[in-house]
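Each in structure tokens, the structures are laid out below.
First chain A sits with chain B, and in the next complex the same chain sits with chain C.
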Partner chain A sequence: MHDLFQRLISLPWDQAPQWFFLFPALLMLLAAAAAVMLRNLIHCALCLTLSFIALGVLFIALGAEFVGFVQLLVYVGAVTMLILFAILLTPASEVAASNNPFRSFQLSKALNAVAGGAVAMLVLAGLLAAIFFSPHAQAAVNPAKAATAPAAAIGENLLNHTLLPLQGTAILLTAALIGAALLAKEDKRS
Partner chain B sequence: MHFLENLPLATKKFILDLVKGACGWLCTKLGIALPPWAMPLLLTLVSILVVIVAIIAVYMVMFALMSVAERKILARMQNRYGPNRAGWFGILQPVADGIKMLTKEDLVPRGADKIVHFLAPIAMVAPALMLPAIIPYGTGMVPVELSAGILYFFALGAGTELAVFMAGWSSNNKYSVMGAMRAIAQMISYELPLVMSAVIAALVAGTLSPTGIVEAQGGYSLGFIPNWFVFTPWGFVACLLFYIGALAESNRCPFDLPEGESELVAGHLTEYSGFKYAIFFMAEYVGMFAINGLLVTLFLGGYKAPCPFLEWIPSWCWFFAKLALLAFSMVWVRATLPRFRIDQMMQFAWKFMLPMSFAALIAAAVWYYAGRGPLAWGLSALIVGIPYLALGHFCFTRHHTADNRRYLYSE
Partner chain C sequence: MMLQLLLAISAVLFCFGLLAALTRSNAIMVLIGIEMMLGAGNLNFIAFWKFSAHPELLTGVMFAIFSIALAAAEAAVGLAIIIQVHRRLRSVNINQADQLKG
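Take a look at the complex of A and B:
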């Protein structure tokens, strides 16, 4: 008993924090899998939210506080609400069952799984290639540089080096907002 | 006085020393050799635990006091007695309420989505209890020092909307869904001016850390007027906007229409009973205290004393005094104002509060770059004053809506 306790306490517990990121990472993967597999659409959306939250936690655990908080604020606060409202406002269950436009493309289940897996692998490979060949990858791998990304530095970068893309995004979003308002208004009149 | 100022931190240090001593004594007694990293790790964990226990204890006590104080104050304002059966002047009323809630039956509707219905109160209370972590309660008394603390607050606040949706949808009840929709529409609409007015304080302080914002409000001008942001034209406007937004975010009167009992039974809380209902109630009050704490931090000088000769009172006393004053004002508002109609509520958010928050942002920027002198004062007062008058004139006076009003059924 005493020996066991001594051995237990002498394990390298101080190395444990390095492995903490596994919790949010696994949670994120499980929630994402559930979001794809569950039958009820609202449950899918809630699981997707859980995976967003886990991603935010992962960012924070890796030292990118600002990005993590923005992830929570934007994805949990806004995007999820958009998805939930979209699900609630569309009669989705009937569409999925009867007149699915992709029905004629559906093959056997096994073939479907293989095709889906291939597409997922391609997307993953593309993403990995984009990450590894980007000029920022080297900076991110260097832990001394990546450890602290204060909000001030991000803001400075955003407003100095990437001001034009930022403005472009802003115009795009405003245009989308005006378009959505127009569509909604048209709908009301008819 | 130095002793009182340091009391909370000294208590924490005492507990840590106690744990350290007890652990060392136990290890020598049992003959266990600790690895060198074990003690610092243990002390870190214990200090985190101490802070968590302190936050939860303080907020639970405030919640209990608030629940009885609110009813007493409301009763006083309405010429009634209020609760006066349990204990001295009804002071034990929260205990009685707690026992009642715990012993009530926990009803779940047959058509409800059981899992989501069970998870909704948890999703509601978890972010609410995490909110108070970044608020500076006194000099050097911040539970978690974050460089992006303000952002943390609003990121967690986003979780509340999700919990309200879960509660409303899973109840499988039309009143619940309607109430949840109203609550989400209200929260999304009022979050915008709320965040904008927090941005104003962060802009002038030049930091997103709550401690930094409080420190930027230190000192006095003319020797006795504190440099709190509320005593500037833009800060006054932003503070009022934040206060209104805080009322709306915590679903308090006059913004309590998601749970308007005359129309929607109790909104998303309709199908909740017993302790789950109590948890929603608690999350609402803790959220209210937290957002008031943020208001104190952003605009009312946080833990700073209002005059130089009152600085002998400990800083954390000032913080809680300001918090209590704000909580009282919210009860006062509840006793005074009637409930908004849903279209009035949306109009007020999008047509008045959002433009005003933009005006205050511009005024703050002008004040910042015009040197903070009399010129800056005048310019920023103009920049917030003109939109205020214009918006009030064009959006909220009757004269151009009276003509095209038609009474369909009375003619």
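Take a look at the complex of A and C:
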């Protein structure tokens, strides 16, 4: 196992062709499409997990190893686990959709899907037009030196240049933790 | 061309997230869509950092790390709200959650 790992690491990864990152990107898009289209919530969450794993691999392939591993730890390890727990804690009940004013309107669901799809397609068309016809994007060239983000440089940057945002994020995470615990707490009065 | 390809991939991922957030009536699916959109934003940060003139300044990487932290906080609070809504309404359908004061 260790031998295999050593051999994997010693492969010439930095000489990989430029299109190498297309594999995780394609996997990410396919898994995201499945997560949007599938009806079963558990399947959606699992496809989302696969999509996030592929996104982390894509980050690593683009040279941002630290962000890729943070993505794997935070999204795959924490966020999708939270989502899976929330799905298991909120089972669909039979009284669902009882007081929905649009329930009798059978077309409502299809109309909702068509309208949402139209908005998403419009946004996609606008974004793609901006990306491919913008003169700034066309002027972008590959930099001479490869971009790397070693963890030591990131730590130094965090403590030297972004100390205030780091402290703010710490306060925000504490507040979010306490707030989430308070919100999800059983209400004793009712 | 690499940069544009990456941005296009990120735009497609963003629109999948937008589609999930707009068309699904389950609150958890809306949250999944929001997470996808945040992931697309992170991909944009990394792509612009990789093709920037000064990648050694690590600006995009810093942005992506903070954005991941914010997304984690957002997911925790959002799921707590969804669990509370389910406790009150016995449903996570966002069409039914139409009162601020339970």
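In this text, the second predicted complex is superposed on the first by the 112 of 190 C-alpha atoms of A that agree within 3 Å, B and C clash if a C-alpha of one lies under 4 Å from a C-alpha of the other, contacts with A are read in each partner's own complex, and residues count from 1 in each chain.
Keep in mind that, in the parts below, a residue touches a chain if its C-beta (ideal position, glycine included) is under 8 Å from a C-beta of that chain, and two chains touch if they have at least 3 such contacts.
Just so you know, these numbers come straight off a predicted model, no measurement behind them.
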Thinking of the overlay built on chain A, is A:129 touched by chain B (first), by chain C (second), by both, or by neither? neither
Quick one: is A:5 in contact with chain B, with chain C, with both, or with neither? Answer first, second, both or neither. first
Under the stated touch criterion, which partner chain does A:58 make contact with: chain B (first), chain C (second), both, or neither? second
Once chain A of both complexes is superposed, is A:77 in touch with chain B (first), chain C (second), both, or neither? first
Determine, for the superposed model, which of the two partners chain B and chain C contacts more residues of chain A. C
Report for A:42: first if it touches chain B alone, second if chain C alone, otherwise both or neither. first
When the two structures are overlaid on chain A, which partner does A:171 contact: first (chain B), second (chain C), both, or neither? neither
Which holds for A:159: it touches chain B only (first), chain C only (second), both, or neither? neither
Does chain B (first) or chain C (second) touch A:180, or do both, or does neither? second
I'd like to know which partner A:89 touches here: chain B for first, chain C for second, both or neither. second
Residues of chain A that lie at the interface with chain B and also at the interface with chain C: 66, 70, 78
Residues of chain C touching chain A in their complex? 2-4, 6-9, 11-20, 22-26, 28-29, 31-33, 35-36, 39, 42-43, 46-47, 49-53, 55-56, 58, 61-62, 64-66, 68-77, 79-84, 86-87, 90-93, 95-96
Can you list the chain A residues touching chain C in their complex? 18, 21, 25, 28-29, 32-33, 35-36, 41, 44-45, 48, 51-52, 55, 58-59, 62-64, 66-67, 70-71, 74-75, 78-79, 82-83, 85-87, 89-90, 92-93, 95-97, 99-100, 102, 112-113, 115-117, 119-121, 123-124, 127-128, 131-132, 137-138, 140, 142-143, 145, 147-149, 153-154, 157-158, 161-162, 165, 169, 172-173, 176-177, 179-181, 183-184, 186-187
Show me the residue ranges of chain B that touch chain A in the complex, using the header's touch definition. 30-35, 37-38, 41, 113, 116, 146-148, 151-152, 154-159, 161-162, 165-166, 169, 184, 188, 191, 208
Sort out for me which residues of chain A touch chain B in the complex. 2, 5-6, 9-10, 13-14, 40, 42-43, 46, 49, 53, 56, 65-66, 68-70, 72-73, 76-78, 80-81, 84, 88, 150-151
